[in-house]
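You will see two complexes here that share subunit A, one where it goes with subunit B and one where it goes with subunit C.
For the complex of A and B:
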């Protein structure tokens, strides 16, 4: 636990010095304006909830992809990975603490979107607040778990930036962050079912509707199940990646 | 002639950078797929709205904004030059800084023309954007004009972030999102207050997008292209002034080499 807290504290210090790590928080308000303009111009007030939620989900994913994805590689680039591996503290709890801070900070994007909606003169009521909060926490947890996977995978990539640039919009489509996955062709559904964002976005949108939320427990279980898969895969990959760079002698760049 | 030689040498640098970043496989399967996904993301909003017209409008707008997103990588690639430590040598040499920086990030122009051509010509017909042989052939030069003139604007942004390298990606992404909002990509420019419409008239992208829409509707894109070219030249002049100011200030206060702030 102490190592987790150390990771949290360290990441807070890093974020203070590098605002670009939270770049998506600068973009989210403008994206909200974009989506709100589209639904208002089309005279579809029923879709305001979609327009307000989407920029938050996009920011959550983008920050995990860019910032968490580079956590290990940045240590390697800075020449500190060797020391981190050599110290008695384990890497996984340290990384967990750092990912938790980044994920928590990215949740501010949802507040920003809400504020932009207010500036547009719109109210976005939450008829099912408990379901909304639980779904949001589940989403943040799942994101943190999958961010660990990204951090490990990107160490092995020749040019991680290519994948960081490439993995945004495909997942915004498959995760149904704005357009529900139910509107995608049937053949895509097996793919969308394993993208945790699709469960998150549907649950969060349903929490904004007055109609009762169908099968909340089942859908939340699916979301948490995918979070657990991400956590397991992240822990396995981290151990495999560290073993690989140790045995190949590539803990630091030459 | 000297300007062209410097520009040409800098484009070689840009090509080498591009080749170091992408293989044809990663460009096709990672980058092009990403751009197609970006265009589909916006086009599907038209599906959500239940309007084929909006679907078509959003596909064209999102495609042109994909050009903007890629060309704005100029912010990042301009700073790579400074990060490489070559700025003091460039300022000391007799060559024009604009020629260097205009060549340095040119790789994003052909790449964005290629991705946008695929989106409009291959993805477009699935969503009601149809082309004849004639309009398809005319589309490529219109996209070239849009990309080149947007690049002139991006050079100004790139010149500014040379003095604030830590925020290069923030500037690029926020500018891209603002242009998506206001240049007529997702809603007509007339949706916004009048003064917004006047401001975006200064941006080449607004006119390039108008030209692409005109062509897709079977109209004449020349007016939009001419306006894009005129505003593009304007931004090129601004870029030269900003770079000149950067060099002069740097000489005076000694921040050229270490000015990473």
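For the complex of A and C:
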């Protein structure tokens, strides 16, 4: 547990020194402004909620992809990975602490979007505040778990790095971030169902509508289930990374 | 017997796969080829060898960062493969070079981070970090970012980091690379302190003079094998035996005559510069005198390189950097 806190402390120091790691937070308000302008132009006030949520979800995903995806690789590049392997503390809690901090920081994007809406003179009421908060926490948790997966994937499958920057929009679509997945063709449903973002974005949007939220418990369970899958996969991949470091000795550039 | 040794290595081999990606085939590259080594508790043991000898590979295996291909290695009786957590608790490592520190953090923050990963927290951590900063002479720069430090200063942070867990066994992999002479001298007194604290130190280097000055025993390693383990007196004997005498120019007949002196090994000429290599103690001084008598005044003497000693003592070409 203490190692988790060490990870948090360390990541806070790093973020303070390099705010560029949270580049998406600078982009989110701009996206919100663009989306709100479109919504206003199309005269669809019912879509204001979509326009405010989408940039937040996009920032959440982008930061996990870029910043968390690089956490282990940066250690390798800086020559600190070996020293981290050689200390008594375990890597998993350390990485957890770091990912939690990055994910928490990226939640700030939602606040930014909300502020931009206010500047547009729009109010975004939350008819189901409890559901909204719980869904938001579930989303952050799931994102943190899957961010851990990304951290290891980009070290293990170096060729995946090529796609790293391209993995934004496909998931924005599969995660129903821009357009609800219900509007996608039926055959992509199996795919969208295993992307936790799709459950998140639907839940969050529903929480902003006045209509009662259907089957909240079931959908939340799906979200948390996918979070658990991510946590398990992340832990497994991390141990694979550490195994590879120790057996091949090739993760560091000598 | 187990109690006597801090590090025990038996028939240790490490082979690196050659080739790239999934097509790793072929016999592989042998970095360690059956290393046996025992380091006593409280000993400062040197591992002396040229680049590519396998020193870093050995340090990585001892620090549990790399798995051996075969053979065993134990630290304080704990196996580096089976009992990693016990090994990690009792060991500190300093890998040389510029890398391995967080440049964006200050020296103090770096040490706090690594201290925390060694299980320290609160006041104990703060005190430990302050003491170490003082000890390596960085108190004045403790709150500056490490990225602005000189190589030598980074090396001090590395040293402090290695000590932050209060280790019984310390591995130092080429710790003085990049240090200026003053810092290197401070380093030697630091090793003296570590010895006084009864820590076991395994230090790798390719600098014979350094090995001679700080170590209780020195193992010579080349091409993944330990060639010999010697007291530093053997090194200092070699250093004085295999001296070099250089002159920018000298008459051919003088060179021819001196070449015949007993104790003069080889004489080489390059662009008119002449180098005599001696194989006996005291011969260098004799050569200098003879040259000055002949009117050759700009004479310089120097210590032999490790490669030369390897060549003389072990009779093979230690000059080659192994790939």
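A few remarks follow.
As a working rule, the second predicted complex is superposed on the first by the 249 of 254 C-alpha atoms of A that agree within 3 Å, B and C clash if a C-alpha of one lies under 4 Å from a C-alpha of the other, contacts with A are read in each partner's own complex, and residues count from 1 in each chain.
One rule holds in what follows: a contact is a pair of C-beta atoms (placed from the backbone, for glycine too) under 8 Å apart; a residue touches a chain by one contact, two chains touch by 3 or more.
Not measured: the values here are computed from a predicted model.
Of the two partner chains placed by superposition, only subunit C is touched by A:86; subunit B is not.
In the superposition on chain A, A:179 makes contact with subunit B only, not with subunit C. Touched residues of subunit A were counted for both subunit B and subunit C, and B has more of them. When both complexes are overlaid on chain A, the residue A:225 reaches neither subunit B nor subunit C. After overlaying the two complexes on the shared chain, residue contacts for A:3 are found with subunit C alone; subunit B is out of touch.
Judged by the touch definition given at the top, the superposed model places A:18 against both subunit B and subunit C. Of the two partner chains placed by superposition, only subunit B is touched by A:33; subunit C is not. Touch criterion met: A:247 reaches subunit C, while subunit B stays clear of it.
Look at A:94: by the touch rule set out above, it reaches subunit C but stays clear of subunit B. On subunit A, the patch touched by subunit B and the patch touched by subunit C overlap at residues 18.
Remark: subunit C residues 16-17, 56-57, 60, 63-67, 85, 88-89, 91, 93, 95, 97, 99-105, 109, 113-114, 116-119, 121, 161, 165 touch subunit A in the complex. The touching residues of subunit A, counted against subunit C in their complex, run 2-3, 6, 9-10, 13-14, 17-18, 78-80, 82-89, 94, 245-249, 254. Considering their complex, residues 21-22, 26, 30-31, 33-34, 37-38, 40-41, 44-45, 47-49, 51, 54, 58, 166-170, 173-174, 177-178, 180-181, 186-188, 191-192 of subunit B touch subunit A. Here subunit A touches subunit B in the complex through residues 18-20, 23-24, 26-27, 30-31, 33-35, 37-39, 41-42, 44, 47, 50, 159, 161-163, 165-170, 172-173, 178-180, 183-184, going by the rule given at the top.
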